[in-house]
Every structure is written in C-alpha cells, then in structure tokens.
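Several structures are given next for inspection.
After this come two complexes, each holding chain A, first together with chain B and then together with chain C.
And now, the complex of A and B:
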C-alpha cells in the first residue's frame, strides 16, 4: 500500500492542536473535549464496523476453539474438496480444513503486528517529543536518519534486514518497529514542536519546571491524540508488512501451523487450476483485518479533528 | 536557487545515511555472510575467496569508502548468484520492466483518481463523496498480493481476456527472440495495473479531494465562479492548478515504492521487476545485488521528490520564495 508522506497528515495534526489550544492547561476542559470526541467516535458507523471485525479476530486469536473444533493441522483423506456443508471453506490439497486454518491463522499476525506497531509508537513518540522540545543537534540528527529510512520502501529494507538477521518473530517485530518509528517520530515531532511554542509551555518554563516535567505532564497529554491515531495507522501498515513478508516466504513459521500469509503463498499457484478456496479465504481474512484497522484509524482521526 | 541547493544537500545526506546503513548491516548481523553464501561445508580457501569477492575482508571504513565510490561510478560489482553479470546491468533490466508497469499504471490510475477526488470534493458530504472516499480507503489498505490473488481468481481464471502472467512471452523475429508489440505487452499488464489502481485510487483521490476542497473555498475560485465562467473552465484554469500540488508531491514520493516496493504484485503476476529481483537476491544472500537494488530505489525516490519540489515551485511561486525545504 501507499506508504505515508501524507501532506494531509500535517494538516490533520494541526486540526487536533486547535482543539487542544482551547483546552490549554485546563485539564478539566481537555477531559471534557475528549469525552465528547469519544461519544462522537461511538456514533460513527465506520468505527463500529471496523471495531466489530477487529474484535472478532482478537477473540479468534485468543480462543480459536470457540469457532471450530477441527484441528487446523490434521490431514484427512478429503483432499481439495470445494466449500460445502462438510467443510465450510473446503479443504486444501493435504486435506486440512480451510475454515479452521483461517480461524487459527489469526494468532500469529495478531501477536507480531500489534507488538511491532506498539514499539514503533513508543520509540517514535519519545524521540519526537525530545526532538520537538529540545530541537538543536539532536533534532537534526534524528530527523536526517528518519528521512533516510523513509526514502526507501519499508518492505525492501525489511527484506534486507530480516534476511540478514534471520527470519524469526523477534527479528520481524524489531525490524518493523524500527522501520515504522520514523513516520511516528515525524508526526509527533511536528505536534510537539507547535505545542512548545504555545504560552502554557513558556509559563511552565518560567515557573521553573524541569524539562522532563514539561514534556511528560504538559506536552505529552496534548499530543496523545496524535499518538493514538499513529498507533492505529501503524497497526494497519504492520499487518500489511508482516503478511507480505509471510507471503514472500521471508517470515519464519513451520509449514504446518496456520498463518494467513504463508497459507496464501503455499496455495495461490493452484488458483489457475480451479482450486481457489485455500487461497481466497485466508486472503480475505487479511483484507478484512487491514480494512477494519484502517476504518478504526480513520474514524478516530475524524473524531479528533471535529 | 538557495532553495534548490539546500534541497539537494539534504538529499545527499539522506543517501549517505542509507548507504552507510546498508553497508554496515553485515557487520552487526550474527553469522558470516560469506559462509552463508559459500555454504557450511565450503573449504577455507573457498571461504576466503568468497569473503574477498564480497569485499568483506576490508575494514568497515574501507568498505564504506568503496560503497560511496560505487554510487558515483555506478559500479556495484558483479552479482553473486550470476557470475559475470554486473549488478548495474541486472538492476537496469529489472528497472526497465518495473518502469513500464509504473508508467502504464500511472496513465490509468492518475486520471481516474484525480477525477474521483474532484467529484468527491465537488459533491462534498453527499453519498457519492462518502462512497469514493470509503471504498478508496478500504481498497488501498489491502496488501498488493491479496488484491493480486483475488483478481487473479475473479478475472484471470474466469475470463480468457485477462492474462495471468504480466510478462508477455517473447516472440521470434528472424533468428532472435524479441519483446512483442506494445499492445500485447500492455494487454499482459492489465491485471497488475488494476491492482495498482486498487492500491492508489483511494490515496490519490483523497489527497486531490482535500486540495480541491481547499481551492474551492478560496477567494479566486469564488471570483471566477461569480464572473460567470463555466464550471469546467474554473476547474481547469483555476482550481486544479492549485489543488493538484499535494497530488504531485504524493505521486513523487510514491514513485520509489511503485518501482521497487510492489514485491507481492510482481510475484503473483510473475513479472521480473525490481521488487522480485530484491526478494530473489535476499533469498540467495546475493548482497551485492541486494545493495545495488536498494540504493537504486533510494536514488529514484530522491530524484523524484526533488523534481516534485521543483514542479511545485514552478506551479506555486510562493513555495519557491518562502519554502522551508
């Protein structure tokens, strides 16, 4: 998918800041604004649809047994039967139940992608706050490195790094986290930068507050909306990237465990000979998950800027 | 001019950083890349030979020096898995293939997405606006390989018309094999281009929509409408020129991704572009090829964004004067 560099991202965060400006310093007003925004979010159809789909996959990844009693790894003599009453989504060429594999396949990606996105948001927020507040050489250096990482498609760098360090889950989580830190950093830095110029920061400085206090207690609460949006957006990209790595055969995983990306990669060449179900169902599962996360991200962004 | 120089300088710094990272990765990685390539049972002589040909016998600073030199001389050595073939040759062949796909894709995607975004802006907050924005958003969040296999199944298998391989087979011309005519090639590229349309329609339409809404709101647009100019003229002469600046910027920043990042797409449609070359190189530990390809993609990105800035400066003199680079 299209990778960041949205000019709109800048205007959006500016819109978020407008609201915060009204609620400057006054924590009670800010909380009230946040409550209003939350109510608005719960009324948005996009959010409700996205959240329902997302929660379905969360539940499936924790309790796959609630949805199916069939073992996703079990070979049966029913090879390659099309979807029907015996097997809702059919069976693959080894006789394994596709529905069960789709349900069980949620877990690997639901562990790796949120961890990667979470780490990226934490790192990007800390660096962004520091750079936006202190500016100077620290800002210069981190910004140049971030720009360099953004100048090459994340997927290419991911392939390069994962292949060098070995395709294990920790390496994939770390790689995706590192590659997604720059966009988070850039957004948070821009927000922190414009917050630092506001009166409440100046007055905190004059009160003699420490820099750490100002960053953590004054600026951070005002950029938290931006980081929430960033987390959901990054989560979408993380699912995208991890699934793609799995499809390319670069993500580790033994061939028998259910994994959407690996399953698509193992079966797609047989679409041409008519056996579409072992590929299309896990592919649609990936699609439903990324669309759900993007709907959530989009609704949060809209609620925050209204 | 100062703007341009500053911009160029920043690009060079960026390139230097990316080059440094790519060159130093083998040093921080566990395991010996030479051993990976030579194989676990290779003799010490063979290992030494591989180490030397990879340039890994030199110290990090020396290697870094070589890496920088390789960019200026455009010589990345020989591919490891294809002895005798230069990395530059292989990368340019793949780039040519990817370039064809991207050009054709842009020719289809740009007009449709700009039109979609303009309609959405003009019909702001109606059902048609929501449809364009939401469907576009949903489609553009799907990974290319997912869109690829779904279209392969929906269109490629059922309708003879769509070709399932993006790479048109070569035809015999006298004694040698040559690429078939342009129409045949485009015909084969149709399915992947549809996937690219999925990926970018929502994205470009959204940016265009935001730009057009901004422009429609401006005084000059209002004046133009009040002068009684026809809607089409106002859009062509006044609105799009200003509204499309963010669109130009976005397309430029996406060029590197389009050329080198659509790996899944190239694999599904069996297309020998840059993305697939990178995956193959990665899986065979062909570091010279891998580095060459990544550097080329980064270079393209930089040149494209540089050009985008220039085009925007040309479209909007204000950016030229007050731009922060």
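And now, the complex of A and C:
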C-alpha cells in the first residue's frame, strides 16, 4: 500500500478535495428539505383526499353551473321525491332539487368561513406577537381578556353578538373572528415568547433596533409557519361554527337561497317521516368540507415537523 | 484467531459486530452506522469518541436496542453476554434491560420524573430489578449512599427540581446501578456539568465500576474525559470505528489520519496562540445516508491516494490490540500538523473599555440578589481577558451588563476610553454600540434563521456604521471574506450552514462595525473540537490583524490558556483572582483557582492530585459571610475566612488575589503541577 503514497497522489487528492465546499451542509439544503416535504405531502393520502374534496367545493362555489343546470330556487311540482335518476339527491317538500342546492350552498360558507378565520389569524397574530415580545402589563391584560373569551361557551357568545348587531354576513364574520382570535393569540404568543428569548433578539437589542423592527422583521418570519397551520385549523372550525349558526336560525339569508346549515335546519324534522335526503346531503356536505380541511391541516403539520 | 474470537464473543460484556443502521428521514432510509464493530470485555471501560453526527450515540442506544421509531438495524449483531439483542423478543429484551444493562443519559433533568420524590424513583428501580417490595426503600437509601450524595436521607424526600445537575446525575447513576448491571452505557454523562462536578462524577463512576465490576461504554466528545476514564478507546467516523486501542496508544501514537487531526485540533501541552495555530480538519463530516463505499474519511484525508477511493482500507493491527483502518498506516507521520505562527503579540497600554466598580443586583419578589459585586476590570488594546468560573458565578451577567442588556447598580460604570457610556444599550450612542459587540455561545439561537447571511451582515453594518445599499453590501462581502466565508454562503440561511460556519457568521456580525471589544460567551462550547480549532484560529488572526480586545468566557481551561493573555477567576459574582495566563499556570493560585485547574481532565494523561470541591456553588441570594469561598475551601482558616472579607489585592505585579493566606505560604502549600 506504501507505493501509492507518492507526492503526486497527495496533490491529486487535495485537488479533488474542494476546500470551498467546506461547511455547507449539502446533505439537506433548505430547498431540498422543502422539496422532500412537498413530496411527502403529495404522497400522503390524507392530504390528497382532503385537497381533492376541498378543491371540489372551491370550484363549486365559483362555478356551480359546471355541476348542475337546475336552478336551486326553482319550485317544481315534483315534491319530495327520493334520490333517483330524475333528481340525484331527490327534491325537498317544495320541489327544489337537493343536488343543485348542495352545489349552490357551497358559496355562502366558502366566503364567510375563510374571511372569519383569516381575520382571527391576523388579529391573533398581531396581539400574540406584541404580548410575547413585550410581556408585562400588555400581556397580562390581553391574556386575561383572551382567557375570559375562551371560558365563555362560544355558541352562546355568538348568539348574543349576532342577536345584538343583526344577523348580516359581516356581523357573522366579525363574530366568528372574535371567537377564534383567543386561541390563535395563545399559540402565536407562546411562539413569540420563545423566539424573544433567543439570542438573535438580544443581539438586535444590542445594536439598538426598535421594538417594531424586532417584532415585524426579526420575529414574525419565524412564527409564520405557526400561523399557517393555525389558519387551516381555524378554517375547519369556522366552517363548522358558521354552519351551526345557520342551523340555529341566527344567520341571515333569504329562505330560498341555498345554504347548507339553513337547509338542514329547515328539513331535519321530516327525517322521522322518511324524507331523509333533504337533510342528509347538505349535512354530508358540511362534514366533508370540515373533514377535508382537517385532513389538509394535519398533513401540513406532519410534513412540516418531519 | 477464530477460536479466540468466538470464545471472547461468548464472554464479552458487549460485542457489536458489523452493525449497519439506518434512519428513515422524510421517507428515505439513510445509513448512519456503516458497519460498527467492537467488543467490551467484562469490567472494562471502553470509550467512543468522534465528532457529533458520527454515530456515537446511535451506537450507544443500539447497545441497549433502544431505537427511535424511525431507526432500523439493517444488518449485524449486538451480542451481550453471548445473546443477540437484535433477535430478542420484546419480553426478553425487557428482562435484559431490567437486569443486565443500564444507561445514563446526557441530561439528568430529563432522565428523572419531576413529580415523584427521589426516594420513590430509586426504589422503583430496585422493584423492577426484582427486589422484594419491603426492602426497596432501604436499598434505595443504600444506593444513594453508594453514589456519595450529601445527606442521602433528606435527598430521598426531595423532588428533582430541588437538586443540582451534579446531584441529579448521581441519582441517575444510583438508579442505573440498582439492577447490578453487567454493562453500563454512559452517553455524554458530564457534558452539561461544570468541570469540577464532572471530575467528581467521573471519579464516582470509576470507583463504582471497580466495586461492581460492570463493563462501561462511555460516549464523550471530550477526549480528556475518555483518557481519564477508559481502558480502551474507539475512534468513530461516519458510522465506523476507524481506530481502536488502549487510550495511551491511541492518544499518544495515533495511527489514523482522523485521530491525528482530532488530537492536533485541541490545545495540548499548554500551547498558546502565539506559539502556533490549531489544526482544523478541512471539510465536513459526511451526512447520514451519503454513499461511502471505500474509506469513510477519504474526502477529508490529507494523505489520501487513489487506492483510498477504490479499495476498502484494510485493518492494520499494531501492538497490544491497537488497530487502524487505513491504507497508509505506515505513513501516518506525513499528515500535516498545525503551523507555527509568527506573532509578536503586543498588548497596548491604553485601556479601551473599563469596568469600574460594577455591581448588579437583581430584584426578584422583593428579594435582592447581588449577582455581581464591585467588579473592576480593564481591557487594553488587543488584549484577551479570559473569564472562568463555575456556572452561576456571574460570568454571563458581567458580559450582559457590559453590553447594556442589564443596567449596573448606581455607582458603577462601563467606560469607553475613559468616558462612561450610557448603561442601557438602547440609550447608547452609535459609537458606544459599535465599540462593543458580542459572540454568543449558540449560533443557532444567535442568528435569525429566516434571514440570509447577507441580510444578517448588511443589517448590522447599516446599523453600526451607517453604510447602506451597495456600500453595505460591499462591506459584507469584504467581512465575509475576512471570516473565510465564500460569497455564495452569503445567500444561504443559517440552517444550511454547519455549526462552524454559523459561528463564523456570528463573528462576522460582531465585527461588522469594527469593534474595540468583542465579548465571546463560550463561543466554541457548542462546537466539535476540529471546528473549535478553526474558530479559535480565526479569533486569533482577527486579533492580530484588527487589534481587537476580547472578553473570552469559557469553562474550558485549555482553550482559555491557548487564547487568553490575562485570566479573571470569578466566584459568586466576585473576582477572586486576576493575573496573566502564564502566572495563573505557574501559581501561586487562589484555592478556588487551584481546585478549578485540578479538575480539568487532560488528554495528555498527566495524573494530578485533584482537589475536590464539595457541595454546590452558593446562591448569590445569600452569600456566605466572610470569604464567599470559605464553605468549600480546602485551605480555610477557621475564625478568619468565615468572618472577614478578603480584599482583592496585588500579591505580585499584575497578579491580584482575594485570599487571607499570604502568597508566600500559598506557594509552599501548592506543590506545583
């Protein structure tokens, strides 16, 4: 083996050894990690199923005409016929096509729920960042209010607000946003709190950065992942809550407009008399959307933590 | 050969044979152990060393067959007492772990249950080991006595949070020994502990293994710990043992290029920054899962030739069971060593930053906690002041007070060239902020992970020098070059960089505004020795070229000796000794310094008379009366030390000490090392 150790051999191998490569963790660059996480996401059946269902409802809410040509508000003489070839999901007691109502019913909820969840995430993130960074009295006050809101039964609070301010869509959105701000706040505050203890924040303070700069430019980018997950989770709950409010009859809406919650509420009493389809199909639609969003939320969280 | 080997395999406490293991990461199996083989004889202490990520801990866990959920043994055997763990049923495995092998983990705080009393937890271990229920309590007390914990009866009744790290590690060791194991696996058992506590825990383990006859597998990144503890050592690299032998043979006559590199990277035998540089192994440890078909070290080896890339290196047997896996074992002397430096280090006369009579009292729930008590220090131009002391002695508080994170009590001042600076960083002017900067211990925490390196640097440049836009960018490139970062590193984010590169970025940020003093708070303690060498070299070069002063906080006496010009020793917020580095190692020393110095395990294997430090460092909340050290001092003078506070006075030019014992007497008392 000794004859191999010639001076030329040494120089050759030194040339092969690329000094410039020193220190770069080439095994898993950021882009590669992202690509692998994305691949994992695409391989996860939960995400694929959830995403397909969710996209179906997104398309249905924008282009309901692609799926049905029947007007959901049209009264026909064929009252209360069970699902069959004439009407896939049957008709209700007023002769309206249930399939068409399920498709058209996607739009109201797909507008209200994301807006409400979005507002809650924005408000919760802003408050959480400030409380986690400043701590002290600001944190005390906001945290106590958040706890008070969290300890009140959500639906009760919602009914109270909606009854007081009127059951228009903006009020519903605002109500759900207020209800969902505390849990978002708590999550973001915890994340911001642990970020604030890291040395990069100390370092920023030592070079005289303003608090606003530290919060917005230093800390926020590091808690954005938390807020994305929080948004998907809250979206699922928002769909659920909005449908519940509609079911309870405290959501405005023209009685003839298609709306899943209102439809379930208007028809459920007739299940006992055998007419189950006007109730079950919109109920299934709600369930499918909530489950789809939860599947997406779970698989995103899993992929991010792998 | 085969005969002896098969018999020894039957009797070996642990025999790992050609073990291959993979972790499944993001869906793909990635190889982490690439054929590990070694054997531990009964009663023997075997050490495993190597850089982090080389598979040491994985091997330790595999020895118990504790595998994480994504770990898979792909081939090979783990034999304990002749039985193959990889083929054991889960029931047998449970019985094996309960009675034959035990493990001690790095962090004792995580190894105990915080809601149960110590006594109950230790007793439970005896229960599992099959001791009749009525006797468990007594046996637990006996075990605590055996690990020489202070006041075992009261410890039995206490909860984990009421014990210090060192005491908890003793408890964990007592629990591990409950089953009277034949094999004790210790995974970095002293890494989180102070050198003084580390020395005590190691003494304990050594004594106990002699008493019980248990074989020991010790994982440590500190080569000194391995040298002082083990009979034999295996050097691991990229999931393979590349050299093995007795600690003396391996550390004194290393025969694998990697071992040579590792040993050259630590400051040994009292060398100083002015003597020569440390050797930094170029390149990085391969990632797990990288294909390494021939020699695992070939990409970083300075003497690699073509044969290293085509053939698997042979096992070259040397004397006394010492072997190496290298094609060029007979040519090991051609591995280049560290370079001598020509550095006429001159320390300026002007005091750049002064710490004058600085005290810092924290107020917590109405109680005053004096964390710093009238500290006086000065930094000359181009000087490195080392700051040592156990954790809790106030080192970091001093650093943060200097930087304006904490406000000193009234009466003290931090001065810049004689003029006092504002006490808070936010109210300091640009000049004051620029003049003093900090390098933190952990670059992962100190660098914003969502920022690119370029942004991290340009922001500091803009903030500290007022340059902006293209000018700031040009300066960032220039500084990065000075830190030996290449331009393409600038557009990466911290997590794409290795620990060493991250720390370079942190240093670059500190140097962005051309500071006068840089506070380095344990800047290399989170890094591997070979990376530490590169960082220490860099700090040395920067000091030589920029004439920057450092406050260098470290618990590693060897590193302080290498880099520091003067050393301050702190204890409970007070400076007890301040002198030049040479004098510190010549003596006479403050008894506390004496104990600190004697606790350092050396890779050179010199056995010293260690001075034990009993008990814990007192809380600054209620410091002992008189000399704060008298409660633990081995030279205490009853009646004097416990009543009178010793003053920090000069005992020789440039050598101050706070001790009642006269210097001449200390010289006689301290038989020089």
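Keep this in mind: the second predicted complex is superposed on the first by the 267 of 306 C-alpha atoms of A that agree within 3 Å, B and C clash if a C-alpha of one lies under 4 Å from a C-alpha of the other, contacts with A are read in each partner's own complex, and residues count from 1 in each chain.
The rule we apply is simple: a contact is a pair of C-beta atoms (placed from the backbone, for glycine too) under 8 Å apart; a residue touches a chain by one contact, two chains touch by 3 or more.
Treat the numbers as computed from the prediction; the structure is a model and nothing was measured.
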{"item": "Of chain C and chain B, partner touching more chain A residues", "value": "B"}
{"item": "Contacts of A:290 with chain B and chain C, given as first, second, both or neither", "value": "first"}
{"item": "Contacts of A:53 with chain B and chain C, given as first, second, both or neither", "value": "neither"}
{"item": "Which superposed partner A:249 touches (first chain B, second chain C, both, neither)", "value": "first"}
{"item": "Chain B versus chain C as contact partner of A:222, first or second or both or neither", "value": "second"}
{"item": "Partner chain(s) touched by A:171 [first = chain B, second = chain C, both, neither]", "value": "neither"}
{"item": "Which superposed partner A:200 touches (first chain B, second chain C, both, neither)", "value": "second"}
{"item": "Partner chain(s) touched by A:161 [first = chain B, second = chain C, both, neither]", "value": "first"}
{"item": "Which of chain B and chain C A:37 touches, first, second, both or neither", "value": "second"}
{"item": "Where chain A meets both chain C and chain B, residue numbers", "value": "1-2, 5-6"}
{"item": "Chain B to chain A touching residues, read off their complex", "value": "10, 13-15, 17-18, 21-22, 25-26, 29-31, 33, 134, 137-138, 140-146, 149-150, 152-153, 156-157, 164, 199-200, 203, 206-207, 210, 246, 249-250, 253-254, 256-257, 260-261, 263-264, 267-268, 275, 278-279, 282-283, 285, 290, 293-294, 297-298, 301-302, 305"}
{"item": "Residues of chain A that touch chain B when the two form their complex", "value": "1-3, 5-8, 11, 46, 144-145, 147-149, 151-157, 159-161, 163-166, 236, 240, 243-244, 247-250, 264, 268, 271-272, 274, 276, 279-280, 283-284, 286-287, 290-291, 293-295, 298"}
{"item": "Of chain C, residues touching chain A in the complex", "value": "25-28, 282-284, 286-290, 298-308, 314, 327-328, 330-331, 334, 403-405, 425-426, 428, 430, 433, 437-438, 440-442, 445-451, 460, 463-464, 486, 489, 492-493, 495-498, 500-501, 504, 509"}
{"item": "Contact footprint of chain C on chain A as seen in their complex", "value": "1-2, 4-6, 9-10, 12-14, 17, 19-30, 33, 36-37, 39-40, 43, 198-200, 202-203, 205-209, 218, 221-222, 306"}
